[in-house]
Amino acid sequence: MKPVGRAGLLRAGIFFLLLALIPVLGAPGWLLTTLIFTVMYAGLASSWNLVGGYAGYPSLGHVAFFGIGAYAIGLVFTNSVGSGFEPFLLLPVIGVAVGLLSIPVGWIAMRTRADVFAIVTITLLFITQTLAFNLKDLTGGAQGKSVAPPPFPVETFDWPFYYAMVVMLAIAMAISLYFRRSKIGLSLATVRADEDKAHGIGVRVTAVKLLAFAVSCGLVAMIGGVWAYYVGFIYPQFAVDPLITIGMVLMAFLGGRGTLWGPVLGAFILVPAQEYFAQTFGASELYLLAYAAVFIVIMLFLPRGILPSVSERLARRRLAARGPGESPGTDAARPVDPAVRMEAAR
Amino acid sequence: MHALIQAIILGILTGGVYALMASGQTLIFGIMKIVNLAQGALVVLGAYLTYTLFTTFGLDPFLSIVITTPLLFLVGVVVQRVLIRPLRGSDVAELSLLVTFAVALAIEGALSFAYGSTLTNVQPAYANSSWTVLGFQVSVVRFVAFVLSLVLLAALYFILQRTKFGRSVRATVQNPASAELLGVNASRVSAIGFGLGAATAAAAGSVFGMLNAFNPGSHYDLISRLLTVVVLGGLGSIGGSVIAALVMGVASSIVSAEAAPIWGDFTFFVVLLLVLLLRPRGLFGARVRGAL
Amino acid sequence: MQLRFGRGRRARFGAAAAITIGALALSACSSGGGGGGGSSSGTKTPLKIGISLSLTGDFSDSGKAAQRGYELWQSVANKAGGVLGRKVQLSIVDDASNPDQVVTNYTNLITQQKVDLVFGPYSSLLTVPASRVASRYHYSFIEPAGGGPSVFAQKLTNLFFVQPAATTKGGDVFANYILSLPASQRPKTAAYAKLDDPFSAPIADNIRKRFEAAGIKTVYDQTYPSETADMTPIISGIAAKNPDVVVGGSQEGDAFAQIKAMIQLKFDPKYLFESNGANSPGDFPAAVGLPNTNGVFSSADWYADSTIAGSKQFIADYIAKYGGTANKIDPTSAEAYSAGMLLQEVAKKTGKVDNATIISTLHSGTWPTLVGNLKWNQYGEPQGDYVLVQWIDGKLQTVFPANGAQHTPLAPKPAWAG
């Protein structure tokens, strides 16, 4: 495995420094609220990418764990949040607990592949939602569950939530990075490419894909916890909302599955684009058509997502510019993604 | 006991209509190995077409099938030609999932634009009438819908078993590469297969519009049911999906009537998970693989 | 008191597209209204009111009905010279029924567009997060469509629900009527079919508590999920018990489906109450057939034949602006319009329209609106009653309480026309 270049780390450093500085530089409330949700989706898409991108298991049920994380916060902090920071301290516990919980679930679901796996995970979503509706004593059912409002001053009310989301995104990306640089990434790439063959050559297929699934679900649950605390009220149809799943999947697809920056890029593009359509076509419902059109264009013309397509094109151009005889592998600064390499090798 | 039997009757009648919808989806999966997330939207589109034909021209909803099925057949062919066929690469299964979802969104958007989001339904004079058979109520519409579904399923079976096209389809399902070698035009088979799948959605939609209130967003409900039916039946087995649809109809109906409606669909999802735990390929997946 | 929120669950793949992501960035594009408006030149600055509504997605019809109500009030108010001489300017943004978007929208309206006031969105589920934002910034929150228990459980003192009573009390008037019957006519057994959402099931539960206390036996009591399209299994369960009275804690589509199933199963209860759906003058007969409406009870705050002062004028203005017929006007429009009326009343009484004044003023006294005379407890829960309406001779008529009734109640319910 090639170490990720210094340029890559630098890029990440600048990105997170910028994110961290935004509130301090006096961003108004509306901008922070917007950014909270943008960074939330970037974090969700990055977490989804661990299993959906690197392992090639397109889960459509991740929002089930988002909901479990949300309800965990709701259950513990219905009446009081103390100084306001206690819910954040609970997050690691939620992450680990949900990660462990997801292992048996993943073990059942991952006996199936690709599209059947997608459908099975949808089922998981509906089961979780039904339970959230029906276990009224625990979840409040359709009446919802409230989280006590935090005692933060109005001027900096959004800051803790914003930083929590940024930290979640950073963790998700750091784990992505770690996966790619370690043997895990390589194993996942072989699972994605040909699971049976990977098994045949001695890759510990089940262990490695369950690890990816558990880490991914744990992260999503933690983000769900922050979300619940921020929104302040949990209804089953919003906490276990299929559209959150669709959101993460779509962003990862747009930016590029199995890449470090793809899901982030997808979130930071799709959100404003979506907003633009909602604004331009307003209440006319035409936005659905416009949205579907964008969707289809991506699938038909950028089926692997923006980053892989662009970097491949760049590599090809560079290759052409240097003339024959030189191999692109000498370019050490260019981050090479194992999954992209797998694809290119096919 | 009376209520139980009544629930079973209802479940079978409802399951028959789902069987029709699911058979189209299974056909599409069998031929192309793609999961068509737009099947529910096509059903709703069929329901709205029927609604328009009924309210503006007074055409009987059952008769309107003669018009809606060819129309949706064409829609299906166009979708396959324009959107599915160009997909390339190793991820076709995942990509087609998203593309068909986009098609569903587009249909939903167009219908919302044309009809708004108010729930509506097709209300012919006989919509609420029922027969009393041995003390049990049998809704006329449900019964006719059930019979119609059986007839159409039989027609589909006939097409697949007895026509040249059907033989091409079955050859493609079993082994696309060798079918091609034997002179089967796989691209044509795929297009017609997708068209047929959409046509069953149209027929089911006409019926669905009489049985339920619907709006452009109704397809999400439908597709979640259809997916579980298709997976339970073993992706690609039409017979399996028919049985799975009946099982779903009866199970939901009994649990709703005898236990609690809020657990009706839940039961079915749990059954699906249990079946997958034991047989990852679904009830009939492995045994009659490739037999449709 | 239409609070359809509806299908909610898996159906919500629906808005998927809309918002998938859309939770965001509304701000960037919608800022058209411009920020400050501070400088006071010769003319008075307009009164800017920010509102987020569900204009897209499954419930866009109700959201748009609210929009029509708000905008009708705006044009009527401006024709009369505005509020305290200030032209009313509405800034309406779309939330596609998504709570994240609602939070973003109200934060944006308050901190970026710096609107003077905000009005509420559509439905309790969105009103809760929205009212928290408004309360954080000390804005008053007059809202026409969020009347579930979760709204009042927040104990916010800036909130005012513009309907006669908490939504969950929508059936109390039916209980009042049944319990007012002489013992010989009173039903002995009752069945409850309840939609599992924050407002519908509690309506039926409140009726059930009253009935059980009065000795009316519960023979069937079930909740069904919001995506239930087919009511036949539930109704066949009820029919097997043959109760005297059936109470549907319903929204819209499910109420229609319940009644269609009863017709098909040839099941005729003596009394039938649907908390919602059956109070829709246009959609209900279209869905079940006009002859089948006869004798069905529901409750309402405003409907086309309402005798409340100002209602006729509202209908005339509405038809002049949007066309159509009185029967096609969604009560949500009247409720939204009433929110504006309240504001004008406060302005008239105090000569001010700042948030603190609105909050303190509305907390005392009784305020006339299209949906009745309103007064609230400290957490914004209205202290009035809905009226009992019934379909008689193909028309929706007030039948209870007796003062204000247009007709005596029709009981027992005539058999289905089929």
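For clarity, chains are labelled A, B and C in written order, and residue numbers in each chain start from 1.
Going forward, contacts are C-beta pairs under 8 Å (C-beta built on N, C-alpha and C of every residue); 3 or more make two chains touch, one makes a residue touch a chain.
This one's a predicted model, so the numbers in the text were calculated from it and none came from an experiment.
What chain pair shows the greatest number of contacts?
A-C
Just grab the chain with the largest centre-to-centre distance to subunit A, centres being mean Cα coordinates.
Chain centre farthest from subunit A's centre: C.
Please tell me the distance, in whole Å, between the geometric centres of subunit B and subunit C computed from their C-alpha atoms.
36
Whole-Å distance, subunit A centre to subunit B centre, using C-alpha means?
Once rounded, the distance between the two centres reads 33 Å.
Note the residues in subunit A that touch 2 or more other chains, in rising order.
Correct list: 126, 130, 133, 242, 246, 250, 285, 287-288, 291-292, 295.
Check each residue of subunit B and list the ones that touch at least two other chains.
As it turns out, subunit B has residues touching two or more other chains at 105, 108-109, 112, 220, 224, 262, 265.
Name the residues of subunit C that each touch 2 or more other chains.
Correct list: 10, 12-14, 16-17, 56, 60, 196, 225.
Touching residues of subunit B toward subunit C in the complex: what are they?
2-3, 6-7, 10-11, 14, 105, 108-109, 112, 116-121, 123, 127-130, 132, 137, 139, 211-215, 217-218, 220-221, 223-224, 252-254, 256-258, 260-262, 264-265
Residues of subunit C touching subunit A in their complex?
These residues of subunit C touch subunit A: 8-10, 12-30, 55-56, 60, 64, 67, 94, 96, 98-100, 103-104, 107-108, 110-112, 125, 128-129, 132, 136-137, 148-150, 153-154, 196-198, 201-202, 225.
So in the complex, the part of subunit A that touches subunit B is made up of which residues?
Contacts found on subunit A: 58, 108, 111-112, 114-116, 118-120, 122-123, 126-127, 130-131, 133-134, 242, 246, 249-250, 253, 284-289, 291-293, 295-296, 299-300, 303-304, 343, 346.
In their complex, what parts of subunit C are in touch with subunit B?
7, 10-14, 16-17, 56-61, 196, 222-225, 227-230, 232-234, 236-237, 240, 252-253, 256-257, 260, 263-266, 283, 286-289, 292, 416, 418
Please name which positions on subunit A make contact with subunit C in the complex.
Those in contact with subunit C are residues 28-31, 33-35, 37-38, 40-41, 126, 129-130, 133, 141-144, 146, 149, 154, 157, 230-233, 235-238, 241-243, 246-247, 250-251, 267, 270-272, 274-276, 278-279, 282-283, 285, 287-288, 291-292, 295.
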